[in-house]
Amino acid sequence: MDLSYTPEERAFRAEAREWLRAHVPAEPLPSLETEEGFAAHRDWEAELAAGRWSVVSWPERYGGRGADIFRWLLFEEEYYAAGAPGRVSQNGINLLAPTLFDHATEEQRARVLPSMATGEVIWAQAWSEPGSGSDLASLTSRAVRTSGGWLLSGQKTWSSRAAFADRAFGIFRTGPETDPARPHRGLTYLMFDLRAPGVTVRPIGRLDGKPAFAELFLDEVFVPDEDVIGEPGQGWRIAMSTTGNERGLMLRSPGRFLAAADRLVRLWRAGGEDRGLRDRVADAVVGARAYQLFTAGGAARFASGAAIGAESSLNKVFWSEYDIALHETALDLLGDEAESADGEWGEGYVFSLAGPIYAGTNEIQRDIIAERLLGLPKGRR
Amino acid sequence: MRFLATREQRDFARSLDAMLTAARTPTAIRAWAAGDPSPGRALWSRLAEVGVFALAVPEPYEGMGPLPVELATAFVELGRHGMPGPVVETVAASALLAELARRGEDGPAKRLLPGIAMGGTIATLPPAVGGPGYALDADVADLVLAVRGDELWLAPGHEGVRASADPARRLALPAPGGELLAAGPAVTAAVAQAGGWAVLATAAQSLGVGLTLLDRTVAYAKERRQFGTEIGSFQAVKHRLADTLIALEFARPLLFGAALTFESADLAAAKVTAGEAACTAARTALQIHGAIGYTEELDLSLWLRKARPLRDAWGTPSWCRARVLDAYDGGS
Amino acid sequence: MDLSYTPEERAFRAEAREWLRAHVPAEPLPSLETEEGFAAHRDWEAELAAGRWSVVSWPERYGGRGADIFRWLLFEEEYYAAGAPGRVSQNGINLLAPTLFDHATEEQRARVLPSMATGEVIWAQAWSEPGSGSDLASLTSRAVRTSGGWLLSGQKTWSSRAAFADRAFGIFRTGPETDPARPHRGLTYLMFDLRAPGVTVRPIGRLDGKPAFAELFLDEVFVPDEDVIGEPGQGWRIAMSTTGNERGLMLRSPGRFLAAADRLVRLWRAGGEDRGLRDRVADAVVGARAYQLFTAGGAARFASGAAIGAESSLNKVFWSEYDIALHETALDLLGDEAESADGEWGEGYVFSLAGPIYAGTNEIQRDIIAERLLGLPKGRR
Amino acid sequence: MRFLATREQRDFARSLDAMLTAARTPTAIRAWAAGDPSPGRALWSRLAEVGVFALAVPEPYEGMGPLPVELATAFVELGRHGMPGPVVETVAASALLAELARRGEDGPAKRLLPGIAMGGTIATLPPAVGGPGYALDADVADLVLAVRGDELWLAPGHEGVRASADPARRLALPAPGGELLAAGPAVTAAVAQAGGWAVLATAAQSLGVGLTLLDRTVAYAKERRQFGTEIGSFQAVKHRLADTLIALEFARPLLFGAALTFESADLAAAKVTAGEAACTAARTALQIHGAIGYTEELDLSLWLRKARPLRDAWGTPSWCRARVLDAYDGGS
């Protein structure tokens, strides 16, 4: 058991640190949930890609560095420690790309990945539907066979980044009408253009009013066969197979929380080290370290060939609750100035509130932990 | 000892509830946030007609007060309906002027209190303790007061408006200068008295905000189906809602107890408890609604965004807890 | 709405305070969960009774003062503020007596209540059975008809105070074998002698080893007809009717927590007012006040004729969690001396841990709150 | 970086687990509490045979150390099985003597360390920081050390035994006087080093206690039926157990991270997190077991009563959190 880095890893870290020091914008970019900020973040993706830092864990031929999971974690630590901008490409990089690596054709990868790496194409996810939040298997949006492709119709919602993104991916019903006994059957994984005829994007404001996601109304939107991933009808299996892999470790990287805890300690010290909040500040430091080490252990298991299964639910509940607690501590340190806080603390708090809801609510995650990790009987929930 | 609302108090609450329900406050709240205070002002006048802004104003100045229990009763309803505007600050201003008058300085009271009591004057002033000194909704108010040391000033308007986490709250500093209204120890005492009223009103508003968040979430949990059943039948959902009800129902007696005793520790206890209960209700409401609750277009957001600013306004939880222990000298 | 006391109430309070000041033992009695302490507490009950303070809310003819609920609350405040001993008679006074007032014959009341008031007879409860904790309706201990009475057989457990008490009360199955559809039918409410032939009392040590409760093994224990309360077969209804009355307000009196919060503030001040624990100390003060006022409101509703229904579940969850939090704060104030704390903080903590379990677990209480107060659908739990 | 137990480390844990399972520790724990340490001493010897007490002892003194990762591994198992006795204190004593030797004062090490490493000597000493100064199980120990200022003393036994919340922990002050073993700055440094080992071992023991509390409660929830079903199918029960698992599984990497870095902040972080997680597990275990869990006769009580004393021993949560921030100088 060890926590040391190889000379190569240390060199990689140093290279990343140096590049970031030279390139990270001195002033924070405008919020990526605004049109102006989205464009600025897209430019930043291009700059990252030019330095070959946008997708370090991908093979070189798609714009990456072939970094293993340890280097990816190191890069993330440096990235957040440098105060670099949020990643507007994250839906594509974290959700779609792993699926492409596992299930797409080489032609698809070569076509889709490079423009994702440069930020030329920004991807939105299109999973949820108004009646299907946590209960994804009850999706009803359909893809109907047509000459050379499919016609998508229906409604998607909570599509993050879709207000300003270029393309989207999701699963659609292609099989027979929903069979209540087997709702996971007959779903197909597709990519489509958000500017194609028949697509209407209606931005939805989140709590702070920013259009962090959108509704998509789809009316016979044509999708060529080349944009189907895997076999038609296998969409559920394909979508689920990527949620069970390293995504559980990559949904929120430890670097983000190490950097946030660092900012919190600075805020606490700047305010005179309020003894009444000391324990919560310490818990933020401890929690970031725990998450870093938990992830290091998961990465080591992953690297040794183990699958990341239901334990990603431990990870999800932990970071989402940690993130809210950290921001609440920051706002309490700000006291009656919290109301007018924006940026890292104010917007960060609003963002953190989504954590326990999205990517599988924490209630569902706790059910999974209880049933799959502790072996408790399935209940009616 | 009959620690129960009287029939009149219950009727007062019910009539406010009916009026505010009919007035569809969400429209007024959204307009207020968008910079159009006219629907809010119209509501303000109707509240004044039934005496809401006269409750901290003594009779010689067209008031009905002091009636802190009735004030708490009214402010629970204002919170439940999300009434926008400097309602707390207007009450605080009226209490400040009334206390000044009681201490012999009745010039400002004579001149300004009737307008407040009758609803023609929307007043504001910055909280007396700590904070950046913003006067809520100073851009809309007719009367901006400012306390500088032991001097009370009528400020000549406000400086630039700053955003709050709740878009229906507009933050601005009083403009410097203006007219000196009073000075000396009477001002200091009156500011303290005004703080007590503001704490009470804010606590009541918080409780009301929490009650609405709970009510709407219970209603949603009965309707929304996932996995083939109403989500309100899941034990995790039920228990979280039960805990939220407990938090609110134990804040309620503290609120009315504080209205009766008006003691600093009781006021602070009510404020911290109601403020935290409303925040608990907000977290519960958001989590149980899920993504739809995270949107500004659902009216739920109008209450969700209010819980935390109210918790911190006119005395943060830390400040309140310190007051509780400062004054503590043994049980019962 | 008011919180003021009448001159008569103030006089009553003053009389209680004066009597307690003159009579409360200067040194704490030994723990009532020991044989020696039990005897000392029984003597204290006799002393209370001699001053007519043991059952203030009962009619004078049974040893009380006919005090209404407001005076009862005042008495309790004074009682705990005086640091008076725990009440070894509480099972009889709080659980059996209300049932006797509602459902017993005048002969039974005259026979049972006076000796309960003096502590001459100490009562234990005998509700739970090994297979029936929260699920009381599934009881299987039986009472079989015999000449002039009933023969009890079966096993009861978690019988508080039974290690040293004289008599017990509980419900027993007298109807046909359990009908799974109607498990509440055919139960009968009985009183029996813990020293009768056929009774075996096996004390059970709680976490700190003290025999706070016992198992009762019953083998054809004779109970005369005169010790049946109400109609045979109506035991469930009788038992439940008393849990829904003022008992919800009387299970833990606010005076107890006001006094405990007071001791906590003194502990905090004596230790230099640790700022890191200030908020939790303040919350204990606030919580005691909230509970006092909540109870005052409930008492006012009760006095105006309203029933105390499911809202007693709010009360139960609140005080039980409050009590643990208060003791945990005290132990944290004691820091590394907490381990060797006994008496009010050490034993009090162990006692507080039972709060969320007994008298209906807090899980059941939250189900009741959700279903009866919020109207949420019944789940499978 | 491979932050994973090696095969040898896993085998070591498994063999300790097997040995302690076969030894039926509950009997030894109950005997220890009742004043009969002989079954516990027998177990002690078997632990020594597989090297548990040699892990903080350098090779020249019959040790195998320092091997902090292996020590943490072993102490998780000791906690899981509720091993009674001053196991932490014996390790702390051995680390103290080893550090003294490293700083040139090797007399006491030569004389005392082999006995500790081989299992013949049960040692104890009071925690270095704060507290009433009790040396755990001094009435049973063969060697009672006492640090007085910068002097290390061999105490001539102990004073009267005081009860702990855990009856298997016996508290006593070292008797005054005795033999002076060493003095000066080396003692102070060695005491600090011993504290680090004690914090690590206590954190590991806490984690083990928490794991057993969770395991036994999960097993009970699968068996116990109420309302016609296993209580483990109730969502409230499931979620509480899930939260307990999360608390324990995030304490585990902190523990082994601290064993690897041996930095003060990491050690303190592991201690507070494992200690709190064990207390969470205790509350969960008690609540889900219900009344049966509240009895001393169920073996569960042997772990329930250990969680809180271990949380506070060798550094309360408050002390640990202070250490975390004292040493903090930025992330990663």
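The letters A, B, C and D name the chains in turn, as written, and every chain counts its residues from 1.
Simple rule for what comes next: a residue touches a chain if its C-beta (ideal position, glycine included) is under 8 Å from a C-beta of that chain, and two chains touch if they have at least 3 such contacts.
Predicted model, so just to flag it, every value in this text is computed and none were measured.
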item	value
Chain pair with the higher count of C-beta pairs in contact (A-D, A-B)	A-D
Furthest chain, CA centroid comparison against subunit A	C
Whole-Å gap between the CA centroids of subunit B and subunit C	40
Distance between the centres, which are taken as Cα means, of subunit D and subunit B, whole angstrom	52
Contacts with two or more other chains, residues of subunit D listed in rising order	229, 233-237, 239, 317-318
Multi-partner residues of subunit A (at least 2 other chains)	276, 278-279, 363, 366, 379-381
Complex interface listing, subunit B residues touching subunit C	1-6, 9, 69, 218, 221-222, 229-230, 232-235, 237-239, 241-243, 245-246, 249-254, 256-257, 260-261, 265-266, 269, 272-273, 317-318, 320-322, 324-325, 328, 330-332
Complex contacts: residues of subunit C adjacent to subunit D	128, 133-135, 157-158, 204-209, 213, 276, 331-332, 335-342, 346, 350, 353-354, 356-358, 361-363, 366, 380-381
Subunit A partner contacts - residues on subunit C that touch it in the complex	275-276, 278-279, 379-380
Of subunit B, residues touching subunit A in the complex	127, 130-132, 134, 162-167, 169, 171, 226-227, 229, 233-237, 286-287, 290-297, 301, 304-305, 308-309, 312-313, 316-318
In the complex with subunit D, residue positions of subunit B that touch it	234-236, 239
